[in-house]
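The data blocks that follow each hold one structure.
Here come two complexes built around subunit A, the first alongside subunit B, the second alongside subunit C.
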Partner chain A sequence: MLLRHTPNEPSEREVLSINPAKTCQPIGAMYASLGIHGCLPQSHGSQGCCAYHRSMLTRHYKEPVMAGTSSFTEGASVFGGQANLVQAINNIFSLYDPEIIAVHTTCLSETIGDDIPAFVHQAEQKGFIPEGKKVIHANTPSFAGSHVTGYANMVKAMVQYLAEPSEEKGEYVNIVSGFIEPADMAEVKRIAGQMGVESILLPDTSGVLNTPQTGTHEMFPAGGVTIEELKKTGGAKKSLALGVTAAAPAADALQAKYSVPSMVLDLPIGIKATDRFVSALAETAGIDVPDIVTYERGQLVDVITDMEQYFYGKRVGLVGDPDQLVALTEFLVTLGMVPAYVVTGTPGKKFEKRIAELTEGLPTKVKAGGDLFLLHQWIKEEPVDLIIGNTYAKYIARDEDIPLIRHGFPIVDRIGHILFPTVGYKGGMRLVEKILDAILDRKDRDSSEESFELVM
Partner chain B sequence: MAGTKESKLTPQELKEKLIEDFPPKMAKKRAKQIVVNKLDETGNPPEILSNARTIPGVITQRGCSYAGCKGVILGPVRDILTITHGPIGCGFYSWLTRRNQTDAGEDGTNFMTYALSTDMQEHDIVFGGEKKLQSAIREAYEIFKPKAIAVCSTCPVGLIGDDVHAVAREMKKELGINVFAFSCEGYKGVSQSAGHHIANNGIFTHVVGTEEKGEPGKFRINMLGEYNIGGDAFELERILEACGITLVSSFSGNATYDQFASAHTADLNTIMCHRSINYVAEMMETKYGIPWMKVNFIGAEATAKSLRKIAQYFEDPELIAKVEEVIAAEMPAVKEALDEARPLTEGKTAMLFVGGSRAHHYQELFSELGMKTVAAGYEFGHRDDYEGRNVIPTIKLDADSRNIEELEVENDPVKYSPRKTPEQIENLKAGGLTLSEYEGMMRDMEQDTLTIDDISQYETERLLTLYKPDIFCAGIKEKYAVQKHGIPLKQLHSYDYGGPYAGFKGAINFYRDIARMTTTPIWGLVTPPWKKANEVAEESAAA
Partner chain C sequence: MDTGLLKGRERQIHEKGDKPFEIECDKGSLSGAVSQRACVFCGSRVVLYPIADALHLVHGPIGCASYTWDIRGALSSGPQLHRLSFSTDLREKDVIFGGEIKLEQALNELIELHSPKAAFVYSTCIVGIIGDDLEAVAKRASEKYGIPVIPVQSEGFKGNKRAGYNAACRAMGRLVGTSDTSAISPVSVNILGDFNLAGEIWIIREYLERMGVEVVANITGDGRVGDLMRAHGAAVNLVQCSGSTMDLARMMDDKYGTPTLRVSYFGVEDMAQALYDVADFFKDQDPGIVERAAALVREELELLMPKLERYRRDLNGKRAALYVGGAFKAFSLVKAFRLLGMKVVMAGSQTGTREDYEELHAVTDEGTIIVDDTNPLELVQFIKEKKVDVLVGGVKERPIAYKLGVGFCDHNHERKEALEGFVGMANFAEEIHRTVMSPVWRFVPRNEESSGE
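On to the complex of A and B.
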């Protein structure tokens, strides 16, 4: 048993976190920054933060993840990191020549209260920021929220720094992406393209963190939302925010500053959430949903009606990030499954309320600010048929002999998330296939000789 | 694409190419950290600047002190329950990511799959986190009932002034188990190396010497600086057992609390990773009278040599014979694997930028494969790891190294007992045995190769372009950037989830992995056929 010391009954805990279902803000900010074309993220803190974030993102994407650090020493921690950041900005532009540097803070620089805009201003005065290049920043204290909050803060910073006012609103929409995979971002763009809706996706890590092997390493791959596009977000017809936790803050900021109406949607995972996304796109653009989109939707519904019996009543334990869990929970309910346990490490009472609404009448336990240790103990009390979570959930899956579908961050032992989306109708098909594979493989393994089925 | 191609540039030109575009201040500093290997007339390598601050913004390989303490040193210990005191990130990132393997032993304890954190919130930063830490320790004890609890501090802890050591003392009293804390905040020192030092000092102070009953045996040693990546420790345990050598403790691959506690009862300290732990060996020699020697179990020949050194130290004919017997039994399989691999690897080139000893040790394996190491360097080594211990008296303390505590150690009034008399030591040395000595990496490298300390991404890119090596060794952060160049990267932190690479069986694994990596057909398919055709056409047109 890998988690042999986990007691069967939920343990009394007030302060101790065991096997977290979240990590800290800066890694989310670093990921978001990589979704700007030509951006080098800069971690303002000790070297270890940057090393840890780059390592974890690299394990997840199996791609180069480039970022600088302010390399705080004890001196910088006492006297502030001004000299370090100013020097870093100079060195980064001299050596790597990015279009933009996106600085995020850490618990260290937040604790000492470093004033990043003042430091950047100094770098500018010293002539360290070449003409036309940008430096933006987000405050991402690790002692509040989670990696999702850090992502949201950096995306918000992008529009706060770069969006420009526009007298007339354009015919395009902003799509603010939640904390999803590059493959998902590409799929969101594909759907908008299929519908003929002109859009700016921000951030956009597709083409940055899923690049081809060409025999050349590009420090700044072709993908990412450009600075020009980010400037234009202030003049969009509307912003669609995909996820209340990760995406809404940027859309709301655009509304507050430039009167771009903000519409907050769920991540388009599953039929209903994708329906809402597609409808919102159509409505915003004033068009009918094209047949090709309806066709893909029909394929997804079809495969579920074909296999509906295998989903029904199956109990699922979910662990991950709030926006994903909301959409997944809704989808599982659509499938006739029972989201028995829904745990996120990210704090937030609204999340608990939303899950409770989606699972009304079902025996669902939900926890925001929870951890994998709690999920495991719930499972020990009453088991589930399936777990959906990141790679760390595989220790529970193995100990309790329950199939696991990997979803969320980080996935460091499989590659599907790098290649294939789970958003949209196509993504729904992939999720359905994964769920069925997990359940039916288990059925094949466990059924008696006489009840072993050829056709399913 | 990878291909064996000697650079046309001289090493000095290569060095200049690496730094030519740097801002002047940076170029000046890096010039001292990039040196051409050339022994002077007295046989000494050139001086290299190391254990120096990383230049902000360069994109470094380095991590922090917390990573060195919690991840490297405490990570492989299965029965000390470690709590990270800080915001959630650090505990999360150091959770199971270093591939320290273990089972739960006969006592059934394995805490390595658990990440415990106080998950500090804004309130704790403002009002202090001591109470929270205290409660967390209490809760952890109630759930896990460990024999010891360690607390690792992250950056804000030192800044807000939480006295983790006072909390640990109080909880030790309350719970009746050993509780100790580490001030290993990420900003201490200039790299992981500071964290190794802080961790080892803590283990030495709070644990070593607290238990008199160590593993019984005739030839009793400690293995220092072996961290059981990918099961290395299991292979070494197997070999030592076959030789009849008893492993009293390991620092800290597959280690237990009791091993640390009884480490002072061993009769010899062997050091694998000189960087991370040489001071523990020195302190144990001073306090308990245990001599130490540098060993290297990376490489089959190096393993045989190290076993012979241990046997020579014990001056026991039976042990000497037994070691020879074990080597003789192991070598045929090694030779067979090498005979298969070497035709595929012979004449190829390697670069190693990793660790505080791995960049040195793994050159042995490449050399066994007939491969030349053309450039190497440490991520967090010090001058003695490069140039040898004889430079230690000339290493100047700076603002960063001054802050890392050096313990004052004296002969223990009760437990000090020299294992060898000064005459015996002299005789052993006269017989060719080197004790308390490490000659460093540079002396073992070929002349006119490059040594680069704390290499940056920029320099890595340049090196790859100017001098296409057949394989590059570093870590996960470098892996895919290097591979995008069409050059395979072998991770020497995680072994790419393979291994073990230590000992005889490890050498066999390594030969096979390197032969595979440098010949796997997929690298030949990076360029699509239509582009290949274009390239050929362009080349002939140019001709």
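On to the complex of A and C.
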């Protein structure tokens, strides 16, 4: 037993994280930045931060992940990272020639108080930023929030820096994506396309971190939201933010600055949340939901109907990021399952309240700012039939002999997330398949010979 | 080599040829470079991580603990405490008011919860700035619980990985010499700088035991606090991966007069040499050891060589590129590839020293590119220009090789097979063969074109 060190009784831990269910802001910022076409993320801190983030993203996406680092030294940490960043900007544009550099800070540069806009201004005055090229930044101290808020901060920075005002509102919508997989982002675009809605998806890591094998290495792959598109976000008819934690801040910023109405939705995972997303798109475009979309929805409902007996009452332990957990919890309740434990590492009381609302009348325990150690202790107190979480949940799954469905970040031991979405009706079908596979494989394994069934 | 180089990087690259050898290294990466290097904390964490019955508490924001949570396959034959992730998860208010109270409370809770044999407390960037007094906290915890509690001065910005190795060695140095050594054989060694990835240290231990050598402490792989405390009783330190543990060996030499043998367990020649060197070292105490070492090498080679034959047939003439953490590995790999009939056309490391690169220069063929602290653009350029069939590297290099449509072997901490020892050479050959000969390369566009499919 790998986690033999987990005692059964939950203890009060105020100062200590054991087996975290989150990581730090900069990696989220780096991931978001990669969703801009031609962007090189720049980690303003020690070399290790950048190496760790690139390694983790590489393990998750199995793709080359490019990012620069300010390579802080002892000197920089005393005198500030100005020289490092100014030199970095010069080096990056002269060698890698990106369209844009997206700088994010770290705990180190935040603590010493580096003023990034001032440094960028200096680089500009020195002529280090070529004509038409951009440098944006987000403050992402590692001691606040989590990777999810780091992502949110960088997406917000994109529109704050790049969106432009517009006299008239266009006939297109902004869709602000949460911290989801490239395959999910592609699916969101596909759904918007099916609906006939012209949209700008920001950020958009599809075509960046799920690229085909071509025999060449593209420093800047073809995907990503372009700077031109980001400029246009200020003139959109509306912004749909997919996720209150990861996506809402950017949409709200566009509303505050350019009066683009912000509509905050859940991540479209499961029937109800996808319905709300589809309705919002239909409403915005002033159209009826097309048959093809209704058809996909019907397929999802049909497959759930076919197998409803296997879902009902099954207890699920969930760990992951807030926006995903909200949508997944709602979906599980829709399926008749019981989200028994819902744990995120990202702090936030609103999250706990929202989960409580979604699971009213169910014996659900929820914790924001929790960790996997806590989830394990809860499971030891009363077990679950299924765990949904990132790869790190596999220790609990193994020790407690509970099936695990991998969902969230990071997944470093399977590949499905790279290719197949879990958002939208199609994504719902995939989730349902995964849930059933996990439960039925277990049933097949555990059934006695006489009750082992061919047909299920 | 005229494109794709960051200005200021020219002197960190050398192509072996008529020019006299010259390379710059051990310097900071250029700001803005997409360097493959990591930080001080990373260096400390990797060296100390395999001490499996110690508590490893990362004092800092959550990321430093998250990213180092069980990412290295440094196996333990017993306790698995090192595979958990403990962090003080520093928040904004701690940065303002200091994190000492939090650290102390966390240490207390964890020591009570897990009863470790010792605790390492890692300092991160931010702790270096806010100035928490780790020594004082550690001292109190140590007195309270009667176990060694050792701060590791691994603030990320205080250099690169090498500085982290040094901090780790200083931390381990505090454990060495604190326990009884009376029962230790005069024919005994410590194994330093082997991380027991995929169980490699067990292979080496078995060889040594067959030769009649007692292993006192496998310091950095399947490590135990108790073994470290009596490590000064060993007759000699066997040091592999000189970058990571040479400092500890030096400290032990200064303080206890423990001599050092530098070894490598990769490849047939170096593995055999390591065993011969050990035998030679002990031949006065144990005259039979030389023959036992020779017999061991003979037996292992008889098993190994027929296995290699089939791989050599397929691999003959293929080209390899290496980009590794420490340079020592590159020397062995150059020889190992030669044994497979392959040619190393590029060799580089993140943290090699001048002496390392001189040695590398000496063992490589004409035309080989030698590079310090490279980046993806350069790697891509070298791989294409030299028509590489397989790249040996770590996690960040793998997808680059794969995107280019060439094979890859993880010779870093994500290796899944033991690559050390004679059995490791067979595994290495098998792994290289598997990746170079994979049918998938037929689908790489340029190969499809050339084969007319």
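Please note the rule applied: the second predicted complex is superposed on the first by the 456 of 456 C-alpha atoms of A that agree within 3 Å, B and C clash if a C-alpha of one lies under 4 Å from a C-alpha of the other, contacts with A are read in each partner's own complex, and residues count from 1 in each chain.
Here, contacts are C-beta pairs under 8 Å (C-beta built on N, C-alpha and C of every residue); 3 or more make two chains touch, one makes a residue touch a chain.
Just so we're clear, the structure is a prediction, and the values are computed from it rather than from any experiment.
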### Query
With both structures lined up on subunit A, is it a clash or a fit for subunit B and subunit C?
clash
### Task
Quick one: classify A:Pro261 as touching subunit B (first), subunit C (second), both or neither.
neither
### Query
If you stack the two complexes on chain A, which partner ends up touching A:Tyr52: first (subunit B), second (subunit C), both, or neither?
both
### Query
Which partner does A:Gly170 contact after superposing on A: first (subunit B), second (subunit C), both, neither?
neither
### Query
Touching A:Asn84 in the superposition: subunit B (first), subunit C (second), both, neither?
both
### Task
Answer with first, second, both or neither: which of subunit B and subunit C does A:Gly336 touch in the superposed model?
neither
### Task
Give one of first, second, both or neither to describe whether A:Pro7 is in contact with subunit B, with subunit C, with both, or with none.
both
## Note on the structure
Contacts of subunit A common to subunit B and subunit C in the A-superposed view 2-5, 7, 11, 13-20, 22-24, 26-27, 42, 45-49, 51-56, 58-59, 62-74, 76-77, 84-85, 87-92, 94-96, 106-108, 111-112, 141-144, 146, 211, 213-219, 345, 392
### Query
Considering the complex alone, what residue numbers of subunit C touch subunit A?
4-7, 28-42, 60-69, 71, 80-81, 83-92, 94-95, 101-102, 105-106, 109-110, 113-114, 124-126, 128-130, 156-160, 376-377, 380, 395-396, 398-400, 402-405, 443-447
### Query
Once bound in the complex, which stretches of subunit B touch subunit A?
1, 21-23, 26, 53-67, 83, 86-97, 104, 108-111, 113-122, 124-125, 132, 135-136, 139-140, 142-144, 154-156, 158-160, 185-191, 399-400, 403, 456-458, 461, 464, 475-477, 479-486, 526-527
### Query
What does subunit A use to touch subunit C in their complex?
2-5, 7, 11, 13-20, 22-24, 26-27, 40, 42, 45-56, 58-59, 62-74, 76-77, 83-85, 87-92, 94-96, 106-108, 111-112, 141-144, 146, 211, 213-219, 345, 392
### Contacting residues of subunit A [partner subunit B, same complex]
1-5, 7, 11-20, 22-24, 26-27, 42, 45-49, 51-56, 58-59, 62-77, 84-85, 87-92, 94-96, 106-108, 111-112, 141-144, 146, 211, 213-219, 345, 373, 392, 395
